[in-house]
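Some structures to go through are shown next.
First chain A sits with chain B, and in the next complex the same chain sits with chain C.
Right, the complex of A and B next:
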């Protein structure tokens, strides 16, 4: 777990390793020449998703296995609750996209809690950014395809807006729909993963730090071996909370994608 | 003002850069409003679901839209924190 992080630098000087540059979070992975950790885990996440779906449906049977049932309920949830529930009739078409989005984000998020991987792949801005970009392209494309050029008019000036207010509303809607929407979609996932993982690393790491310094005799035995495990237990409680948060973020990303597609399909309500 | 600068210096920690301490304080202040907003949205949605459980599905969707809108401000604050820090 993140405890490994606590030992990767000298705990005498700094409790946790501060990264050389925080800009690492915003860099695009190198595509050719060198393969980095992020790329390996992206491909691993995609393979896990494909494998889960393949092995669940390889032999369809009347009474599914436990694993088949788990995957089936996930597919059913995305199709019925998100695709059909939010987009309404005609939503099946977007089911596969939403399902792959949901499962990829879910598996990618849980990489952050998997021992020896410890890397939520959404914690590099490029990945949630790209996923949000795909959703953005889809909802703009669907809007133009369904309504033609009227999509812009309907979106920027919802019916019933007084003429005098139109320029103001137009600017606000332009910014909120075409800029803030994809941006906040990407940053929400990114921020939750980075903040959650940092918090986990700090709590578990400070537990290790207390025990470590007490074992070295820098602080009193009692202090180190009572406070350290308490931090560790607190970190474990946050670990459980993180499971909830990661699942919820995958759900919210998918749900908001569906909501944005729906708002392009049926305006004016 | 002095207290703020001391706090910022303390918050800067090992890097010793007062700007990053101030950025952290600014993000903390910026998160107050969205926090209250998300709380109001979620609280009222739960209340509505308790009153009328049969429309819970629709309410949940609208709750997430409202949360997304108010949360956007906190997210912008998070990005500004990175830019300034």
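Right, the complex of A and C next:
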């Protein structure tokens, strides 16, 4: 059960242990020093992204391989639909950042569904927090670089706001753009991953637990061998849903980063 | 132990310490920074340039193929027009040969007819000539005979006595002589 839930107890006595706290689902065992398994997965996600891109673009092929085509379509999607599509012609410059963001988040998310890993690295606040901070720094920096101090004025008082409303709008915009924006960006990804991981652990774990307790005679046969598999089936349905959620969240994070950068570049709207 | 109570316990304790989830763990943050730096550096320095290279290679390949296709099309078109021209030439040539043959045949026909007519005319003329000659010769013969006969007759007339009966007999004899001729 270590495989599914990514946490363990004594497998000789029980197939899985009920965690004392929800936190235990997200705190992976320490390997050595202050290095835990999460950190290994974080580095592994980076290496997987690098390897995938390396094998796709190793040599300039006129006719790509199947794998190359799959990676290329992702790269093209980020470049054309997000970087160029949202930011416009100047978006090429931000392409590498957005592509890194998308690929890293996507691979990290899918670690949650990968057998033997089963842990989305974005469910640790360090990852979405750091990435949201980078996006924040970029869009604020780009705003000041492009527009100077006018960026602050344009952002806090969008054109057409009556003078009387300016203090109110200014406070709202200040809070929403410079405080809530990075936080919401980080929490959106983080919360989705935490919720998904918890759901999967609970449903699949319940399935195993019901069957196991029934096999030990602790609960009735009916409960154990009928309800248990149902939990498991429900868990598998959520598993499929998670595929969608994980992809969507990687996309949303990248898209919003692009939208924020664009709003700093073009203050008119 | 009852399963449902365990679950509730787990959730309650989770809630109690869930704020910890929202705080990044420093070692993981460091790992995240390193990991993302690796990805970004790789994408920035390697993937993006290679992507342009791939696109350029594809552009070149496509452009080359388009050019080659255009060239092949042009060649094919010139070949077709060449064949068409040759075909037209062959047709014209065939027509002219047929026409020439027809003209030759016509010419020959005309010639043969003309020649036949000329021959016939010649034959006719010769025949006419011959006939005229014969006639002239016959006339000449007759003339000379008439002369000699007239002389004979005159001699006879002069040699005999001139009585009516004698004249009459002479004339009758002459005439019967003439008839004998």
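Methods note: the second predicted complex is superposed on the first by the 236 of 269 C-alpha atoms of A that agree within 3 Å, B and C clash if a C-alpha of one lies under 4 Å from a C-alpha of the other, contacts with A are read in each partner's own complex, and residues count from 1 in each chain.
As a convention for this text, a residue touches a chain if its C-beta (ideal position, glycine included) is under 8 Å from a C-beta of that chain, and two chains touch if they have at least 3 such contacts.
Source: prediction; values computed, not measured.
**Student:** Where does A:49 make contact in the superposed view: on chain B (first), on chain C (second), on both, or on neither?
**Tutor:** So A:49 only meets chain C here.
**Student:** Output check: A:197 vs chain B and chain C. Expected answer is one of first, second, both, neither. What do you get?
**Tutor:** neither
**Student:** Let me test your reading of the model: by the given contact rule, A:35 touches which partner, first (chain B), second (chain C), both or neither?
**Tutor:** Touch partner of A:35: chain C, not chain B.
**Student:** Give one of first, second, both or neither to describe whether A:57 is in contact with chain B, with chain C, with both, or with none.
**Tutor:** Second partner only.
**Student:** After lining up the shared chain so the two structures overlap, which partner does A:86 touch, if you call chain B first and chain C second: first, second, both or neither?
**Tutor:** first
**Student:** Of chain B and chain C, which one contacts the greater number of residues in chain A?
**Tutor:** C
**Student:** Under the contact rule defined above, give the chain A residues that sit at the interface with chain B and also at the interface with chain C.
**Tutor:** 18, 22, 26, 187
**Student:** With touch defined as at the start, can you tell me which chain A residues reach chain B in the complex?
**Tutor:** 14, 18, 22, 25-26, 81, 85-86, 180, 183-184, 187-188, 191, 252, 255-256, 259
**Student:** If we count contacts the way the header does, which residues on chain C are in touch with chain A in the complex?
**Tutor:** My answer: residues 3, 6-7, 9-11, 13-18, 20-29, 31-36, 38-40, 42-44, 46-48, 50-51, 53-54, 56-58, 61.
**Student:** Show me the residue ranges of chain B that touch chain A in the complex, using the header's touch definition.
**Tutor:** 14-15, 57, 61, 64-65, 68, 71-72, 75-76, 78-79, 82, 85
**Student:** Taking the touch rule as given, give the residues of chain A at its contact with chain C in the complex, in rising order.
**Tutor:** 18-23, 26, 34-36, 38-39, 42-43, 45-47, 49-50, 53-54, 57, 60-62, 72, 75, 79, 95-97, 99-100, 103-104, 121, 124-127, 129-131, 134, 187, 190, 194, 202, 209-210, 213, 219
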